[in-house]
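Consider the two complexes below, in which subunit A is the common component and subunit B and subunit C are the respective partners.
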Partner chain A sequence: MSKASFVVRRLLQLGVTFWAVGTVLFFLFRLMPGDPTAFVVSAQMTPEARQQVIESYGLNEPLYVQYMRFLENALTLNFGQSFHTNQPVREVIWTYLPNTLVLMLSAFVVAYILGIVLGVLTGWYRGSRFEKTTVVTALTARSLPTFYVGLIVLWLFGATLGVIPMSGMGAAGQTYDSFWARIFTLDFLHHLAAPAAVLAFYYMGYPLLIMRSSMMEVLSQDFIDVCRAKGLSERAIMFKHAARNALLPIITAAAIALGYAVGGSVLIETVFGWPGLGREMVNAVLRRDFPVAQGTFMVLAATIIILNFVADLLYGYLDPRVTYE
Partner chain B sequence: MSYKEATNRRKFLTKAGATAGLVGLTVTAGCFGAGDDEEEDEDGGADVEATDPDELGEQLPTYQFLNNAQSYNPPRHDAINLMADQFGEIGLDMEVEVLEWGTLFNRVDVEYDYDFSTWHTFFTIDPVLELNSTMYSENTDPGEGNFAGYENPDADDLMDQYLEEPDADTRIELIHDLQRTLMEDLPQMPVVDMPFLAVYNNEEVDNWEADLPLGFNSYWTMINLEMQGGEDTLKGYWPEALDTMNVLGHNDENKHTYNFSVMYDSIVRLDNEGEINTDVSLATDYERVDATTMEYTIRDHTFHDGEPLTVEDVAFSYNYISENEVPVYSVQSNFIDEAEVVDDSTVRIHMPDDNPLGPFNLLVGTQIPILPEHRWADRDEPSQVNVQEPVGSGPLQFDYWDQGAELGLERFDDHFAPVDFEQRFWRIIPETSTVWENLRNGDLNYEPFGRIDRQLDENRDEDQISVESLPATSFWHCTPNQRSDGLDDPEVRKAAFNAVPRSAIVDQILFGVPEPGFNVVTEAFGPLHTDDVPRYEEGVDVAIERLQDAGYGYDEDGMLHFLAE
Partner chain C sequence: MATQDKPSIFADIDDGDVDQEDESVDRWRRNLRLWRETLTEQWRMLTDDLMVRLAMITIAFFMAVAVFAPFIAPHGPLTRQYEGDAGIIIVDWAEPSFMSAESEYLLGTTAEGFDIFSQLVYGSRAALLVGLVAAVFTAGIGTLVGLTAGYYGGKIDDTLMRIVDFLYGMPLLPTVIILVALLGPSLWNILLAIILLQWRSTARVIRSQALSLRERPFVKAAQVAGASDWHIISRHLAPNVLPLSFLYGAFAIAWAILAEAGVSFIGLGDPNTVSWGTMLQSSRAYSALDFGAWWWFIPPGICIGLVVISGFLIGRGYEEITNPELR
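Right after this comes the complex of A and B.
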């Protein structure tokens, strides 16, 4: 199969996957117990007013009509209007997604750089005290609940030492003209440091352990002996030959992790008062705000699906031995 | 042996917490005996002499007590477990089902599929406004509000008369009768009277005065606050994000009401005595022209955008909200027929001839926000409008809204009742411990949410922290579903109320902050409240005795039975 037909076939699969995910999400939320209007209306609202609200959201229509309308709108990336904020869902996502991305990507970049480097070193220095300490640390980081680490960090560095802010993305009362104007300020970076570090600490374990195991596999191969026989320096063998060949599994792991990053981290966003998409997503589900819940989950699913597709393509590029059969 | 006598804190908390879980749990399984009698209670049911088996009829059915998840509201979760346990002690077969809040609310308020439920009643400006929905006989169909299934034509009649009666003294008599009726029939048990709380940094802000419906978050509170030590910003928080800046598009949650009540003026305002105070109201004078007409004299004033606020704006607001059937004001709209401009400073509001409202100022005048006609006239579906920069005429004007993170308001210098601070912000902080650290270090100087928890208990003695508490209009209720066999008998409900450990819930779970409940109209309502209602002594023994006197019997396991015919 040629690369072009592979791409076309995968694109068609993507379309089917999107439809399946959308359909599952649509029915999943409607099968949940609880009347969405119970969260939208006041307890003292008259039954007539409650009915009016139900009709205004189209919830009085038969389910198949709602479903067809959902599909029709989804084709134009229109996920409707939030029951709670009356904003278009696109706008809600656009409000929270950048906050989440800047937090998650900062953590992601730090975690993957450190994780990969430490993975290479632990693989190379197998059996050393360094390897044992690093692996134990990585496993501990991966095992500890992030909210717990977050609370300890807040208590130690925030409440006790006073070197990090206790919550939020900026100092109280600070307003900026745009998101970009905000994120390049020292105030923002000061607020970003702690939640990003806690997340990076957690995420780092995954690439580290994958890289270590991949390195050990590569290091047992014959070409490493050839490199040594050629008189290459240890450093060159480690990073230029072994690490590059060991990187492949990291691509898939990174693609999935990046996809999940879009969904944010509810616990970290809650502990650090970070106004991200994860918190909003959970709130939308709890309040039966179907449009926002569907929209945010679709964005999350789409990112994971697309990044996996990109990872598939990258595989072929990075390793010519991979074929599209 | 009464509950109060038998329990100590350790055992109490064991009981409250032991039933926590994600699945239903039969409380009468006998795990939780009272006091020193744990061994004796292992067989479950009441510790009482069994009735002659030949005299016993059917056992009362198993009852489901719906509980919120512990993470949603820990103290209430514990209190519900404890109540269910105590109901088990009087011989009721109880199951506690823990549900996520939305599902729980739907099961109770919409589907009426429950036996016992408990939550915090909604703050309301007038008790009958709430009771007219939850206790009115005609509202017993699913979703109509009367989830208790209570039907009493006498109570209906008292509520009807109250709402139509223009004379305040007569209204007081009517509502006192209503309270006696409701506490005699006991469709709803007032477990704990929840207070309004002001928690603040006394070095930065002082003079907290509450008003009736909104407590220490009211307009009256804000215009009376006195800043201390050169501080010019009121710094608060809320645990969850605000949804909207549309004053007509919210769902009446406190987080919205607290802000809109200071961003928008209403035609009249209440003071801390619950009286209309024209010194701080948009209307400098008002008069009831006849049974269905109110007339108001409006002061010179401007909106936040500098445009004059005229009588046309006042009339527009009433007509617009009524004609567009704005959901959040649907109750008020029922009492508005038309508003008309009389002259440059006078506006009249007519009520429907067939639906006059006695306490019009209280129930409508203090509630309807005055909108700038020049901003709203072209908006067809007011509740659906996506407002980003609201313009009102209240003492605080919109400054910024960093959605999900922070709302900033600033002083409106041209207001007739100005606030003493330059700015007020609310940061969104979901984590309680962070809130308290911020209160201690000065990043926040007041706590508008009024959460009663361990953090409050541990920090209330800090020098710079002050806590003030006043009776509020709301309470934790325990409502039996009268559609369930047995619970339609007032004597069973009364016995259940006897068994509710109100004092212990207050002392042990709520750190002694609120007061045990005894009336569905709390003393926060001032003269509308009366102490002269039937009282119910706390105690399992009292409850058992009441049930036996009412003709119920116990089997050998201590389970409650109807007697044979």
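Right after this comes the complex of A and C.
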């Protein structure tokens, strides 16, 4: 199979996956117990007025009509309006998605730089005490729930020492011209530091362990001996020759992990009161605001699906040995 | 004929000579012996590693605590220890007994008047229940689906793998949250939601193993000899992928406990049972952080961490057995 037809087939699969996720989600929310209109329809309304509101959301029509409309709207990225605030869901997503992305990306950059460097070192100094302690630390970091580490950090540095803010993304009452004007303020960085550090500590373990085993594999190859025979310094062999060749599995793993990180943003955002997409989804689920819950979930799922797709393509692009079958 | 007490290496061949009525008994015995040998060998390799031994001791310890919870815990996990002036709402908690002389509670009480130590002890039940049940089902379903897809190939493989692809598109925690909101907050629903998603990775790995296994001569030989598909899958393929299933089962313990803790922490936990996640959630709801009541929120997290890291360590130990290159 040629590369082009692989990409086309993979794109078709992407479409089918999107459709499946959307469909399952649509029916799940319609099956949910509890009247979703309870929030928009107040008890004081006359039955006629109530009926009118229900009709304006299209909730009186048969399920398949609602479903067809849902598909039609999903194609134009229209997820309806919030039952709670009446705001279009698209706007809700645009408000919260950037916040999640800033938090995740900054944590990710730190985690991957640290993880890769430590992975190279542990792979190189195999069997040393340094390797053992680092690997055990990485495993511990992956075993402790992020929200728990977040709680401890909040308790130690927030409640006890008072050096980090207890919640939110900026001091109350501040307004900024734009999103970019906001994230380059000291106040924002002050709020970002703790949740990003907790996340980075958690995500670091994955690249570290992959890089370590990848290094071990590369170090057993002949060209490393050739480098030694040429009289290159150990450091040059470690970083210039071994690490660069060991980097390949990290790149695809990073793309996939980033998708799941955005999807898993729920907990850390809840702990730190970070106004991100994950927390908004939880809130929407809790108040049965299903257009918002559906829309935010779709974005989280789409991130994973698209990044998995990117990882597949990257893999073939970066490693010429890959064949498309 | 194979002697019963001293198995010969020709046991497989000798089987053909066994009398008709002895055959089934003998086959059972042989199966049993093979399983026992494989498991003992792997157990030895596994317990060779100090970290794995420590992890197993930890899990065994928590299992014992879970089983004997009523004898260890001094109070019921959801029994109020005292009533406030106003009756039901109690906001002044007792400090741990090692910090204040008046207190008779080892780790103090919660703002609702529950004994924290007892909650911690009973919490191990929820954690281990979720972990072990999820492990059995994820490994079981994943192995079955993976073997079926890999062995039959073609349309069956395509269909099953598209389902797995779809599941891979679902973010774990948000999906569990939505399913639990849909089905109602109970421990079983959380468990069900976790299992529904978790088998995906096991299925994918087992399938790729089965794809290569089915091309091996021993499978071809069994096919030629007229063995049924089920016989080949259960007798010839399954034992070969078993270490991998165990591996994913061990990891599933850890992931399931983390997921349950996370969902409970968000506030969608089972209101009628105590888990370490719900303990953390209520400590947060009553701002134990701001009051510095560390004895409320530190212990449950440590317990989660210990069980989860044990699961990961056992999994890694097993990984080294299945993939000798890691050693």
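A few comments on the model shown:
One rule holds in what follows: the second predicted complex is superposed on the first by the 306 of 325 C-alpha atoms of A that agree within 3 Å, B and C clash if a C-alpha of one lies under 4 Å from a C-alpha of the other, contacts with A are read in each partner's own complex, and residues count from 1 in each chain.
Heads up, the rule we're going with is that a residue touches a chain if its C-beta (ideal position, glycine included) is under 8 Å from a C-beta of that chain, and two chains touch if they have at least 3 such contacts.
Everything quoted here is computed from the prediction, not taken from an experiment.
Of the two partner chains, subunit B and subunit C are each touched by A:Leu151. Applying the stated contact rule after C-alpha superposition, one finds that A:Asn86 touches subunit B and leaves subunit C untouched.
Using the contact criterion defined above for the overlaid structures, shared-chain residue A:Ser213 touches subunit C, although it does not reach subunit B. Applying the stated contact rule after C-alpha superposition, one finds that A:Met169 touches subunit B and leaves subunit C untouched.
Legend: residue contacts after superposition of the two complexes on their common chain; A:Gly127 is shown touching neither subunit B nor subunit C. Using the contact criterion defined above for the overlaid structures, shared-chain residue A:Gly15 touches neither subunit B nor subunit C, since it reaches no partner. When the two complexes are overlaid on their common chain A, residue A:Pro62 makes contact with neither subunit B nor subunit C. Once chain A of one complex is fitted onto chain A of the other, the partner contacts of A:Arg287 are limited to subunit B, with no touch recorded for subunit C.
Look at A:Pro275: by the touch rule set out above, it reaches subunit B but stays clear of subunit C. Across the two superposed structures, the residue set of subunit A contacted by subunit B and also by subunit C is 32-33, 151, 154-155, 158-159, 166, 270, 286. If you check the complex, the residues on subunit A that touch subunit B are 32-35, 38-50, 52-53, 56, 81-82, 84-88, 91, 95-96, 99, 151, 154-155, 158-159, 162, 166-170, 172-173, 175, 270-273, 275-276, 279-280, 283, 286-288. Across the interface of their complex, subunit A is touched by residues 51, 162, 165-166, 168-175, 177-179, 181-182, 184, 254, 258, 261-262, 265-267, 280, 284, 289-290, 292, 294, 297-298, 301, 304-305, 308-309, 312-313, 316, 325-326 of subunit C. Residues of subunit A that touch subunit C in their complex: 13, 16-17, 20-21, 24-25, 28-29, 31-33, 136, 139-140, 142-145, 147-148, 151-152, 154-155, 158-160, 166, 213, 217, 260, 262-264, 266-267, 270, 278, 281-282, 285-286, 293, 297, 300-301, 304-305, 308. Across the interface of their complex, subunit A is touched by residues 100-103, 105-107, 109-110, 122, 124, 129-130, 133, 143-145, 233, 235, 240-241, 243-244, 246, 249, 251-252, 325, 327-328, 330-331, 334, 381, 383-386, 400, 402-406, 408, 423, 425, 427-431, 433-434, 437-438, 441, 443 of subunit B.
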